[in-house]
Amino acid sequence: MPIQRDDTLTWIKDCAKAVEEKSSYLTELDAAIGDADHGANMDRGFKAVLNKLPEAGDKDIGTIFKTVGMTLLSTVGGAGGPLYGTFFLQAGMKTTGKMELNLADWTEALEAALDGVVMRGKAQPGDKTMVDALIPAVNALKDALQANQPINKALQLSAEAAEKGMEATIPLVARKGRASYLGERSAGHQDPGATSSHLLLKTASLTWKDIS
Amino acid sequence: MKKLINKPENVVREELEGIAYAHPDLVKVHFDPNFVVRSDAPVKGKVGVISGGGSGHEPMHGGFVGIGMLDAACPGAVFTSPTPDQMLEATKAVNGGAGILHIVKNYTGDIMNFEMAADLARGQNIEVESVVIDDDVAVKDSLYTAGRRGVGSTVLAEKLCGAAAEQKRSLKEVADVCRKVKDAGRSMGMALTSCTVPHVGKPTFDLPEDQMEIGIGIHGEPGRTRMPLKSADEIVEMLMEPIISDLPYKSGDQVLLFVNSMGGTPLIELYVTYRKAHEIATKHGLKVVRNLIGPIITSLEMAGVSITLLKLDGDMIKLWDAPVKTAGLRWGI
Amino acid sequence: MKKLINKPENVVREELEGIAYAHPDLVKVHFDPNFVVRSDAPVKGKVGVISGGGSGHEPMHGGFVGIGMLDAACPGAVFTSPTPDQMLEATKAVNGGAGILHIVKNYTGDIMNFEMAADLARGQNIEVESVVIDDDVAVKDSLYTAGRRGVGSTVLAEKLCGAAAEQKRSLKEVADVCRKVKDAGRSMGMALTSCTVPHVGKPTFDLPEDQMEIGIGIHGEPGRTRMPLKSADEIVEMLMEPIISDLPYKSGDQVLLFVNSMGGTPLIELYVTYRKAHEIATKHGLKVVRNLIGPIITSLEMAGVSITLLKLDGDMIKLWDAPVKTAGLRWGI
Amino acid sequence: MPIQRDDTLTWIKDCAKAVEEKSSYLTELDAAIGDADHGANMDRGFKAVLNKLPEAGDKDIGTIFKTVGMTLLSTVGGAGGPLYGTFFLQAGMKTTGKMELNLADWTEALEAALDGVVMRGKAQPGDKTMVDALIPAVNALKDALQANQPINKALQLSAEAAEKGMEATIPLVARKGRASYLGERSAGHQDPGATSSHLLLKTASLTWKDIS
C-alpha cells in the first residue's frame, strides 16, 4: 500500500516534533558558522504549520504540502524560510490532486522540491548547503525506484544518503549563505541546513517505516 | 542572559507595541504580518522606499520610518530576515502609484525573501526595483560566494533615497541614488564582546577578556581575525585601512564619516573612535563634510564599533541635508 | 576592561577632541579648562543656560549644547564633578548680559563646585541663578543627608530652560521653568550590570549573573535593593510605582515619559520597557503626551534603564516642542 | 627650630607621593560607598600641584598653601576638590607672609582649614566625612600646644587622633556626600575622605619628624 494522505499529515507532525527536539542542536550548528537561529526559525515555522494543518481538512496531498510551504514561507524567515517554503511548494505542485503516493510519486515530488531549492538559492553541490544533503537523497530514491525497492527500504536508503551528504559538508568551505563570509574558517563544521534536511528525510523513513 | 525582556518569543512583538505607543505621530504599526509604515502612507505620486531585516539592529530599520526616509520597514525575528508576506503587505500599504524601491542588505535570506516579495508585488501590478547593499569590506567580494555583507551604508542609502523620493523623483532616479550609495560606501566593524540572541540565551561566541574580533558581522558572524585587545587608535587604523584602500577614495574626495556603536559601546567611546577616524581620513586628504555618530545599526548589546565611509557628491549632500522626521534620525522639521 | 580607549587618563580629552571634529557647526570646544559652548556664544540679550557634571553620562551634557538647549556644558573627569574654573570660564564665555542659569544635579561635589563658580562669577558682576535637580526617588529625601540624587529630569530641564531662554525670557523666568521641572519630575533606575570606570579598570560593583540592582545611581552608586533578575514587566512596575506614588501624579495629568538606557541596554529593550511603562501610566489615568526614549543620561556601558516621569503644563509642552539643534536632541530646525 | 618654608614644600611633595601610593586604596574605599574616584581625583590633583609648585618660587608659606589650594580646586573636582581646595586656601590665608611656622601657627592654620571644610561642606561630626578625621586632629594639636609639646610630638599625636577618627567612621551611617544615598548600607565601610585626610596629617608627622 502506497503512502496515504493521512500518512503525509503524520509525517509533517513528526517533522514538527523532530525539529522541536533538535532545535537547540540546529541553532548550535548555526552559531558556529552562521547566526544562531536555524533551529529557532525552523521550530517557529513548524509550530505554525501545526496550527495551519487543520485548514487542509480532507484535501489532497498537494494541498497539504502547499499549505506547509506557504506557512513556512511566512513564518520561518532567513534563508531557511524561502528554501523550505519553496521545497514544500514545489513538492505540492507535483502532488496536486493526489490522495496517495507511490515511490515514483514521492521521488518526483522530492526531485521537484530539490530543483526548487536550487532555483531559489542557486547553490551548487559542494557549496556546503542543504543541497548537499538533498541531492544524494534524491539520487538514492531514483536508484531505489529503478531497483524496484519497497518504499520503506527506499526511504531508508535516501535518509542514509542524506546523512552521508550532511556529514560530508563538515570539511567543506562554504560558498553560499552566511557561512561563506567565514571563508576557510567555515571548514570543520557541519552545515545546519543540510542537517535539518536530513532530519526531515530521516523522519519520513521512520514515520513510514511500515509502508512497503 | 541579562536583558529587559519578558518571554524571548515575545520580544519583537512587544518592541513593536512599544513603538506603536511611542510614535503614533510618525508611524503606524501593523501586526501579523509585522511591518511599520509612515503614519501618512501611502503618499500619492511618491516612490515608496522600503527596507527590512532581522530585528536586533534597532533603530534600523523601524526607527527610520517617517518623512524623508523610509515609507515602511519589515522587522523579522531577532537576526532573521523577515518573510515575503510582510514585504508584500508593506509594499501594498505604501504604494502611492510611483513604484516601490526595496533596499536589501546582502544576506542570502534577505535577498531571497525580498525577491519573492517583489515577484508577488509585480504580480499585483506594482512596479518594484531592488538594490542590494554590500559594503562590508571585512568579507572578500566574490561571484562564487554570497559576496560582501550589507551593513552601515544601508542606513545612509535609506536617508538619501528617502529624501530623493520626497522630492518626487522617479523610481529609476531613486534607485540610482541607492546604487550610488552601494558603489560609494564601504564599512568595517569590530567587536569587544559577543551578543546574546534572546531565544538562544547564551552569547553567540566566546571572546576572552583580552581578545577582540576584527571584521565582525552585525549578527555576530565571526570576523576576519581574532587578536589581543588593542588601543582605540590602533583599532581605528585596522578598520580604516581596508575601507580606504578598497574603494579607493582619493585625496580631495568629500565623504560622510559614520561611526556606529554595535549597541553596548557608549557614546564617550564613539567620540574617541571618531577622533582617530577623522584624523586618518583627513591625513588621506579626504574632506569629512558630514558625519553620523551613534548606535544606528546595532547588534543587540554587542560592544564594538563599525565605521562607514561614503563618498559624497553635491546631490548626495543635498539629499543628506534634506529634512527627515523619524524616531532615529531627525532634522530640519 | 574592554573599552575603545587609549590611555584612561586621556579619555575625556580625546572625547572632546572627537566632539570638536564632529560638530563644529554646533559647538566650540575649549580646552584647559574644558568646556563646550554653542558655536554662536555669547548670544546677546539671552540668558545663558549652563550645566555640567562628570563625564561618562554622554550625550549629557555636552551633547545638549546648541540652539534651544544648553549654551555651555562643563565635563569633569569620568564620574567626577567638574571644577569651578571650568564653570566660571564657561559662564563668562556665554554671558550675553541677561544672566546665567546653572542647572546643577544634586551631588555634593557638583553643588560645591557650582557654588564656588557662581560666587566667583558674581564677583565679576555676572548675575547667576542656580537650580538643583534632585529627582531620584530611589533615595530618601531628607534634610539631614545629601538628599535625593539628580538624574533624568536634568536633561528635560535643560531642554525646557533652553527653549525658554531662546524666547528671551528673563533669568528669573528661565529659572522658574527649571524649578517647575525640579518639582514635577521624578525618576528611578536599575542596573543589570555594573560599569567600569576607565582609570579603575574593573567593575565598580559585582552583580551576579542572576541578580539586578534596583535604584542604582548613574555613577554606579548601589541602589535600594539587590534581587533576582525579573521580567521586564515586573521591573518596570518596580520603577513606576515609587515614581508615581512619590509626587503624586493624578488622573488626567499630562506627562512626558522618558525611558533611558544606562548605556549598554539596546533600543529593542527600551521599547519593551516603554511599552509597559506607557501601559502603567495610562492605567493610572495619566496622559502620555510626550516621550523620550534612548541612551540620554548614561552610566558608561552599564546595562539597565531609568524611567523619568515629568508632569507637563501647556507652557512646558510648548517649550518641549520648540526647535532644538544639538548633537543629542534635534527637531524643528 | 620651627617648620621652615622649604619644609612645607617637602611636605606637599611627600603628600603627592603618599597619595599616588595610596590612590588605588582610596578609590577602592570610594567604590564601596561612593563612585570609585577619590584616589584618582586626589592623585590627579597632587600631580598638578607638583607641576605648579615651582611657580610659588621663593614665596612665603601662605602663597605655597594657596597655590596648592587653587590647584586642587581646579584639578580634583568632585567633593574632594572644593573641600581640599578650601582646606589649603584657608590654611594659606592664616599663613600669609610667613616663612616659618611654630606649633601655634600650624595649629591655627589647620583649624582655619577645618573651619573652611565645615563651612563649605556643612558636615557635622559623625556624618562620616573627612571632618571626622580632621576634628580630632585639630583638637590633639590644641592639647599638645597647651601641654607645650615639641612640634614632632604634637604632629604625631594629631596623626594618631586623625587615624582614630578615620577608623571611627567605619560603623557610622553616612549623612553627607555620596555615601549618604546608601543609608544604613554605608555602615561597615571606612570613609575615603577621612582616610585621605589622615594620610596628609600622617605624612606631615613623617616629613617633619625631626622638627622639634
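So that you can tell them apart, the chains are marked A, B, C and D in the order they are listed, and the count of residues begins at 1 in each.
We take it that a residue touches a chain if its C-beta (ideal position, glycine included) is under 8 Å from a C-beta of that chain, and two chains touch if they have at least 3 such contacts.
Given the structure is predicted, the values throughout are model-derived calculations rather than measurements.
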Components of the interchain contact network lacking chain B: A | C, D
item: Smallest count of steps, each to a touching chain, taking chain A to chain D; value: 3
item: Averaged-CA centre spacing for the pair chain B and chain A, given as whole angstrom; value: 32
item: Separation of mean Cα positions, chain C and chain A [Å, integer]; value: 55
item: Per-residue overlap in chain B, given as positions that touch at least 2 other chains; value: 78
item: Contact graph of the chains (line, ring, star, complete, other); value: line
item: Touching pairs - complete list by chain label; value: A-B, B-C, C-D
item: Chain B-touching residues of chain A, taken from the complex the two chains share; value: 27, 31, 33-37, 40-41, 44, 73-83, 120-121, 174-178, 180-183, 185
item: Chain B contact footprint on chain C (complex, rising order); value: 2-6, 11, 14-19, 21-22, 55-56, 58-59, 63, 78, 192-193, 209, 212, 229, 231-233, 235, 263-275, 278-279, 288, 291, 293, 295, 298, 300-301, 303, 305, 325, 327, 330-333
item: Complex contact set, residues of chain C against chain D; value: 9, 33, 54, 76-86, 107-109, 112-113, 115-116, 138-140, 144-146, 149, 197, 199-200, 204-205, 217, 219-222
